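First chain A sits with chain B, and in the next complex the same chain sits with chain C.
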Partner chain A sequence: MVPARRLLAGRWGSPLAAQLAVVAVLLVIWQITAGLGQLGAVPTPVEVGRALLAIFASGAVWEPLGTTLAGWAISLLLAVVVGIVVGFPLGTSRLAYRLSVFTLDFLRTIPALVLVPLVVLLYGSGLESTILLAFLGAVWAVIMQTIYGARDVDPTALQTFMSFRVRRWDTVRFLLVPTALPYIATGVRLAAAICLLVTISAQVVIPAGGLGEQILTAQLGGAVPTMYAYIFLCGALGVGANAAFGKLEAKALAWHPSHRKVAA
Partner chain B sequence: MQATKTPVLEAVNISKSYGEKQVLADVSFSAEEGEFVCIVGPSGTGKTTLLRTLSALGTANSGEVRVNGTAITRPPAEVSVVFQDYSRSLMPWMRVGKNIELPLRRYKLSPAERATRVTEALRDVGLEHAKDLYPWEMSGGMQQRAAIARSLAYRPQVLIMDEPFASVDAQTRADLEDLMLDIRARLGVTIVLVTHDIEEAVYLGDKVIVLSGRPASVSATVDVPLGRTRDQISTKSRPDYLELRAKIHAMIMQSPSSVSG
Partner chain C sequence: MSSRLARLLVPALLPLILILAWWYASAGGSSIFFPPLSQILERFQELWLFALVPEHVVPSLQSILWGLGISIVLGVGLGVLLGLNGYVATAVNPVLQFLRYLPAVALLPLAIQLIGIGQEMRVTIIVLGALWPILLNTIDGVRGISPGLVDVARSNRLRPFDWIFRVVIPSASPQIFAGIRASLAVSVILMFASELLGASRGIGYFILEAQRQFSLPEMWSGMILLGIIGYALNVVLMAIEYFALAWHRKARI
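Entry: the complex of A and B
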């Protein structure tokens, strides 16, 4: 991990600069091929950029953006809270884990979007529906990661706590939770991505407002550059969310080997 | 050594089996107050099983462990364990000071008292400056010192140590051995140290318990009349030291390891 990054940094200045260079090259190729009419209905990046500016300038972007962000944030919060609350008992009790593992494996392989018809029947095409779908798509990631985390308590650490007669609640606080935290952080990062994907997809499919419905509306109205502008915005949201959670994780888990500033 | 007082720690006829396989057979020994007892035996003789029983982290099939004359069934306040694997025994998410404070949380101590105990324990092991470091920012030897400090802050009567210096380099090992002699001398704590290293056992112990055989039993209890002040160079070149070392070595070599039972 580190050596690869160093290698890249040594040859290309910094990894960020190298990545931006790749993006720039791709944009140029896109501009040339689309400009020559080789990509059919795909507009040039310049046209997409103009459409992007336009939706911001007219203010049309804010309401759908808000709907998408709200659906995403609420579903993520629910998935994290429920996932942790359900995952911990399953991870700390061998029996509960054995009894539930089959059900969990079955439920988590159901793609959230196949539940669209059912959820729409029950809750209509509002925000609740996208929240429920995103929650159902993402909660498993948090549950599974919490289970893995709770099961990973080091036997020597546990014996240390036992020999010092550390109280039950302190054992939860200072052993179980810190052990599970890196796993939960991964679960949250996965859930954040899943929630965003399912929220936007559900908004397109149902349609249920937000950026998703704007993509559909733009396509139906023949406003192809605007459609791409919204698609681009969805991508940017995903990248931003991932970076934000990565930063948060590095801060909360500064002690963890993958975030340490000092080698052991 | 004929005791008139009740021993601080006493193992009485401990036997332990895992399923069909018996690991310990009738192990008995005792440690007097302030005594340094080394339990020595080759790898795989059930030393760790014995240690788990002594600290009530595991149960024996028969026999009992007594602390100040009372049989124990769960980890007692009078006993603290220093594990071999300090990197897993210290919590990487807590600074050294917080690690040391952790066992004190169950006692009603004022914050000032707690802080004093942490500072004193760190001073006892020569880590005055390390309170705010994370364990992984320190060397292995320093980490084991921190683990020892945590046990000292807990103020046990008995310190049980499981191969505590097995994962540090030779120089650090010698330093830590002398630290333990010094701690015993200054604080009067009873130390029971489990090791596979005969040299270490004789250098540190007032008494060496030799474990051998399968299942393991006590093949000898050897008094070490080398006095309480020891020195890595002069003690280790004394003829009586060398003689004891050879004697224990011979006992371990001779013991029937797989033909017993």
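Entry: the complex of A and C
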């Protein structure tokens, strides 16, 4: 890591400058090739930028953006709450864990989008459908991480708590929760990414409103630069969400003993 | 003996209970959306053992295998190149991160517009989604090679070919496999999504058609088939990983 960064600093200035340069060069190459008509129906980045400004200026972007964000937030909240509530008992009881491990392994490999045809029949093409699908896609990540977290309790610490006859609730509060929290933070970051992915994907394939449907509508209506603008927004949302929840996870992990040892 | 039996039986208990619960809860057939499980399984046997397999299962599997195969070749190749040139990898990182977090299904309308709705489109969209986890993991794996190994290879004047194929790729392979596992899940999703939007064959197309005609037992049988295929592909990959990384486990013990 460090030598690479130093090398970068020596040759190209700061890494940030090099990163910006790469983005700029790619955009220029795209602009020139698309401008010369070498890419067929692909618009130039200037046209896409203009379309992006236009959907913000006309306010057309807010309603689909709000739908996507609402579906994302609600499904994430549900996945986190249900995941923790289900995961904790499975992590603390060996029997419950062994009973459910195969079932969980099977269920979490099934892509949530498989349920699209059924969910559409049951709930139509509204917000409920995307929320249900995103929830079903993401809840496994939280359950699994909560299980790992609850199973990670230091046996010596647990025995100490038991021999001091610490009350059950205090054991949960001062031992189980602090141990599991970093794992849960990882689960929340994974779930946030999955929820956003499934929400947008479901909005495209159902179609069910939001940014996803706008991409499809723009394509069917021949508004190609607008389609690229909405795709770009989806990517930006994904990067932003991951960065935000990554920071949250780093914060949750910062005080964790394993992390302090690594740092020392 | 009995403990070993219990170890096998306990994990199987919950699935059995769930299937029995499904069987009896759906037996009455009060809701058309949840047809009796017996009927679904009957239809499953008629359709998928193995009457419609050549028509619908084979094209879907072909899309996944082509898409995943191209992603592995491109991802490992580019990943090794970028991983060995740390400054280039850092410079292109933001672009790669953007492409990774862009939901690939959002690119479906674009791919349909540019390529049409054939098999090439489905393979392309799978590559566009499955490439990034493999590529980014390969870069990480290659950059994580222990400096001691680099020094040994240098002082022994290892030929570049041996260096890459006998040292770099093997030592990055645990991370490469982790990337492939993530990419496999993405491939199954994209195979299904691309068949929902543009196909005339494949499991996704079959499920959608069954839904449109309100043939719910058929739709359920397709969904179960897709679940089994997704799980089976995962098991196959884990088996390959188990054998390919046997040396790695031994080295750690």
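Note that in this section the second predicted complex is superposed on the first by the 234 of 264 C-alpha atoms of A that agree within 3 Å, B and C clash if a C-alpha of one lies under 4 Å from a C-alpha of the other, contacts with A are read in each partner's own complex, and residues count from 1 in each chain.
In this text, a residue touches a chain if its C-beta (ideal position, glycine included) is under 8 Å from a C-beta of that chain, and two chains touch if they have at least 3 such contacts.
Not measured: the values here are computed from a predicted model.
Engineer: When the two structures are superposed on chain A, do chain B and chain C clash or fit side by side?
Structural biologist: fit
Engineer: For the overlay on chain A, what angle lies at chain A between chain B and chain C, C-alpha centres, nearest 10°?
Structural biologist: 100
Engineer: Figure out whether A:W255 sits in contact with chain B (first) or chain C (second), or with both, or with neither.
Structural biologist: first
Engineer: Return first, second, both or neither, reflecting whether A:R165 touches chain B, chain C, both chains, or no partner chain.
Structural biologist: first
Engineer: Looking at A:F174, would you say it contacts chain B, chain C, both, or neither? Reply first, second, both or neither.
Structural biologist: first
Engineer: So which one touches more of the residues on chain A, chain B or chain C?
Structural biologist: Partner touching more chain A residues in the overlay: C.
Engineer: After the superposition on A, what does A:W62 contact: first (chain B), second (chain C), both or neither?
Structural biologist: After superposition on chain A, A:W62 lies in contact with neither partner.
Engineer: Between chain B and chain C, report the minimum C-alpha distance in the superposition, expressed in whole angstrom.
Structural biologist: Superposed model gives a least chain B-chain C C-alpha distance of 15 Å.
Engineer: Residue overlap on chain A between the chain B contact set and the chain C contact set?
Structural biologist: none
Engineer: Across the complex, what residues on chain A touch chain C?
Structural biologist: The touching residues are 1, 3-5, 7-8, 11-12, 15, 18-19, 21-23, 26, 40-42, 95, 98-103, 106, 109-111, 113-118, 120-122, 193, 196-197, 200-201, 204-205, 211-212, 215-216, 218-220, 224, 227-228, 230-231, 234-236, 238-239, 241-242.
Engineer: Across the complex, what residues on chain C touch chain A?
Structural biologist: So the residues of chain C in touch with chain A come to 7, 10-15, 18, 33, 86-87, 89-95, 97-99, 101-103, 105-110, 112-114, 143, 185, 188-189, 192-193, 196-197, 207-208, 210-211, 219-220, 223, 226-227, 230-231, 234.
Engineer: Using the touch rule from the top, collect the residues of chain A that touch chain B in their complex.
Structural biologist: Answer in residue numbers: 154, 156-157, 159-160, 162-167, 170, 174-175, 178, 181, 255-257, 260, 262, 264.
Engineer: Of all residues in chain B, which touch chain A in the complex?
Structural biologist: Residue list for chain B touching chain A: 52, 55, 57, 74-75, 77, 79-81, 83, 85, 87-89, 91-94, 102-103, 105-106, 134, 136-137, 150, 154.
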